[in-house]
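Each in structure tokens, the structures are laid out below.
In the two complexes that follow, subunit A is the common piece, with subunit B as its partner first and subunit C second.
What follows is the complex of A and B.
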């Protein structure tokens, strides 16, 4: 137990948490934007997987930032596809989302075997690149807190910093710009913005595209920093956990970030625990993020329900 | 009465037409993909299109798939009819398979009770596993999509662990249990193939689900809640009870599928990751069948053929089986949406048919 606490309160654990949280955070922000516009995006998982593969394959031939951009574009394209089928052809958004997930689960394996000439599981034969980590060794020069700051802040993926900026940007966009108001209005009560002359479907389509782009960055981070290279089903439910984080975070960017961080902590725990407790079977440790997601979701939904009931009671 | 019958007939034909159009479009895309990627596209496509009929053995594989696809399609149909998006069939298959395996590996496994008890154990375990997300939603308002998906991952990990550490023969390093006793494995209807009891179970389940949905009070309530929750509420139907019970019954179907998996001739034991992602393909079956139980076996028959063709194509040619994912996604997208061929709208406009009359025709069905 002491060892676990020692590990959890160490700087390396913090770095691990940031690493596990970053893809989740991008996916959560993507899910949040789609959800707020009134289109629950259950395709986060599939979008992330396809973006991860795209990024890995592009990174073989191009610099890392091009790879990240292409992962992002792959996500955005899938978002546009979902928008097309949901808004233009009136398909149920959840079914469209699962179509994307099914396409991703098999399609990535198929595409990978085409790209590598026969590998059906991993991209081990591809010379893919990684996203560089930001080296902040110069912080060490600060007297007193310097070494601590350095061990906490140095060595994160560039995209982790971008993720923090994204949360701020999403918050600013949603609550401080007219377009953010449009987006929330479209999700809350589409008839009102419609009457005000706001193109409801256009707003939803753009939100789905933006959602896909954000998830795509998360996928690129997963396959170019957390792991370098692609393995089949490497997202392993992260997209669905991100969906849980959106709901858990009360559909607010800061709340969603905290929820993503919570799940990131438990994923990091499931990474460090096998070294500490080798008597616990690894399969059971791997269930931790999923169990925590269910428990957190139930607990939060229960509290939200209670709060609603109390509000109705106070009105009587 | 006759106009009603006519309308139903027309709606039926329209649905069949849509499904077939979607299938044709998906197959054309598959053909293009095969042509782009394969060194011998002719062989790959003919394998996809005809291999399941090539021998008794492959026919058996096909029918085995049809039985399993029917069961997962029924489970998804049931929850979709209640407009619940519980995606937990995969998890239910795993716990169902696990408990069926417990029965088969116990002393009971060598007795004639092994098959019915195994099925019952699987169904009970699946029902419990289906009940959890339903209860979490009805009682706490937790999204059933997220919780059921999480339960899938948990079930797979736990079952894989139990197989690796406890159920596999000690010291063998195998990732599967030993073969069950013969009494616990479904008898073959046609000897030497996988054409076994599973297909009979699937057909009986179809009739039972149809009866439950269309001939019982509970089914009427369930469909009402699915079609129009507000109206159901005004009519005094306890939506949460219907919701939880629908997910529980669907869970028992998922669990039954688990027992069909492990006790069927295809396995006859419990192996890691045994479902091969088949459980999720029930989404496609349910959507194409428009969640109608009686249509499910037919859709399963057609889709199972395609699925088996793709498996054999993956084995016999250079095009990987996973190519079928493209076909699946296209079919779901096209059938779930109100797509029409581009020329059709133009044709109607030329004939001077106003969109209003089309809308009223839409309302009439």
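What follows is the complex of A and C.
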């Protein structure tokens, strides 16, 4: 137990948490935008998987940032595809989302075997690149707190810093710009923005595209930093956990970020725990993030119900 | 007066062949209140949608200040100074008043939404047009009358010179209607033009300068308000003389249904209604008055067995209904015409014949040895279609293909096919044309004369006053007043109780509660 606490309160654990949280955070922001626009994006998982593979393959031939951009574009393209089927052809958004997920599960394996010349499990024989980490060793020069700052802040993926900026940008967009007001209006009561002359379907389509782009960046981070290279089903439910984080975070960017961080912590735990408790089957430990997701959502919905009751009581 | 907005021989046929507008003409003068009246299905809404750019006409043209114009979408209509307030408000509930008003045309400061400026603009606007609303609270927390003001402010914020109000009084209590009319007059004084869609004729006569009458997708005529009476207008609307009068009950029988200290709570545990004590006699109609959402609908659901009761008792002819299921209650002579015919009254995809026996699947006449007797079901439907003069292609037609009035008649036919002992009725004529309204009213009074105790709830006060023998007023889940119906009882009197502005002496109330 002491060992676990020692590990959890170490700087390396903090770095692990940031690493596990980053892809989740992008996916969560993507899920949040789509959800607030009224189009629940259940395809986060599939989009992330396709983006991860796209980024890995592109990185063999191009610099890392081009690969990240290609992952982002793959996500955006899938978002546009969903918008096309949902908004133009009036298909149910949940069904379209699952179609993308199924396409991703099978399609990535097929594309992987084409790209690697037959390997259906990993991209191990592709020379894929990684996203560089930002080296902040110069922080060490600060007297007193320098070494601590360095060990906490140095060595994160560039995209982790981008993720933090993204949360701020999403918040600013949603609550400080007119377009954010449009998006939230479209999600809550589309008849109102429609009557005000706001192109409701365009707003939703753009939200789905933005959603795909964000989760696409998350996929690139997963396959170019957390792991270097692609393995089949490597997203392992992160897209669905992100959907949970959106709800748990009360559909607010900061809340969703905290929820993503919570899930990130448990994922990090599931990484370090097998080394400390070798008597627990590692498969059991790996279920922790998912069990926590379910518990957190049950707790959240219970609390939300309580809050509603209290609110209606206080009105009387 | 010069016409500011004209529609000339407008034609509109929807895919599927419904001719909604056929050679419709409308000429609205600047600075007037122009009413457009007609029954449901007369084509008023389609015409308004064309004026506001939601639909495009197949034929004819629009002229704005003499110049031909066409609107591809609402945005273009808004940009040309036309504003519309829909019957169903287009407001985002969680947004504040000012956010709703400026939505779509927000004041900006760089890329930022300039909230301070928006609040100041909304304040100035509401002062200028005497539409008092606080800009800050969330719209969802406001009463309906205030929400409507927000809608009007929204149009005025976009500089609407011509304001279309679609059935604005349908959702308002009488006092709120008065306030709305004050605001409409203020608008006209400031040079705006108002197009007022309605089907309640007394209101039209009070507020409008000129009236265009529509029937069956065509314009019947345009008249000056001062030249017409309610009766002549009604005749123009329907195309034949129509008498919306019903006979009161001749006399009433014993107490049939008794409700004692009933308490109803919502799923989350908050109280919806409490301390309800009522007696309904056989052969009388008891009207439940109140602004929607004050507990009337929930009382009817509780009696019907569609909603759990927290406390209290309901008796029908001395037997407690609370332990009984919906089917058992129906077997004891309870019938119910629910508020929302499509959600609760009918299965839209099923046939008329199937809908008409849906409540009688334990009846040996229609079901034998667990199998449907299709011939008997069809014969039953044919008889009811005839008896209730339902306009339909036949018993096998899906209910969803009928007009609102005929759908409602299917519900009424099923519930009144056999004489009920207790009849629950909620919004019997909402969205139903005058002809069907007349028929449904007659059916209700016939059931009453046959000895049914009737509980009637309606958002339409004139309907309640026309049909009820006694009335009780609900306010915030309690009965706050009770009256014996008489010609002296006015909507305004009821309105003061509906809005909680007035309270009744306990003795007076007790006397009228018997």
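Here are a few things to note about the model shown:
Definition applied: the second predicted complex is superposed on the first by the 316 of 316 C-alpha atoms of A that agree within 3 Å, B and C clash if a C-alpha of one lies under 4 Å from a C-alpha of the other, contacts with A are read in each partner's own complex, and residues count from 1 in each chain.
Here is the rule we use: a residue touches a chain if its C-beta (ideal position, glycine included) is under 8 Å from a C-beta of that chain, and two chains touch if they have at least 3 such contacts.
The structure presented is a predicted model; accordingly, all values stated were derived computationally and were not measured.
Touch counts on subunit A: comparing subunit C and subunit B, the chain ahead is B.
By the touch criterion defined above, A:176 reaches subunit C but does not reach subunit B. When the two complexes are overlaid on their common chain A, residue A:29 makes contact with neither subunit B nor subunit C.
In the superposed model, A:273 lies in contact with neither subunit B nor subunit C.
Of the two partner chains placed by the overlay, neither subunit B nor subunit C lies in contact with A:208. In the superposition on chain A, contact of A:85 is made with subunit B only, not with subunit C. Of the two partner chains, subunit C is the only one that A:198 touches; subunit B does not reach it. When the shared chain is aligned, subunit C comes close enough to touch A:189, but subunit B does not. Using the contact criterion defined above for the overlaid structures, shared-chain residue A:48 touches neither subunit B nor subunit C, since it reaches no partner. Common to the subunit B and subunit C interfaces on subunit A are residues 305. Those residues of subunit B whose C-beta lies close enough to touch subunit A in the complex are 37, 85, 87, 136, 139-143, 145-147, 149-151, 153-154, 157-158, 160-161, 164-165, 277, 280-281, 283-284, 287, 320, 322-326, 328-329, 332-333, 336-339.
Put simply, subunit A touches subunit B in their complex at residues 40, 42, 85, 89-92, 94-96, 98-100, 102-107, 109-110, 113-114, 120, 236-237, 240-241, 243-244, 247, 281, 283-284, 286-287, 290-291, 293-294, 297-298, 301-302, 304-305.
Residue ranges of subunit A in contact with subunit C, taken from their complex: 176-178, 180-182, 184-185, 188-189, 191-198, 305, 308-309, 312-313, 315-316. Note for the complex: subunit C touches subunit A at residues 73-75, 78, 84, 86, 88, 90-95, 99-100, 103-106, 108, 111-113, 154, 266, 268-271.
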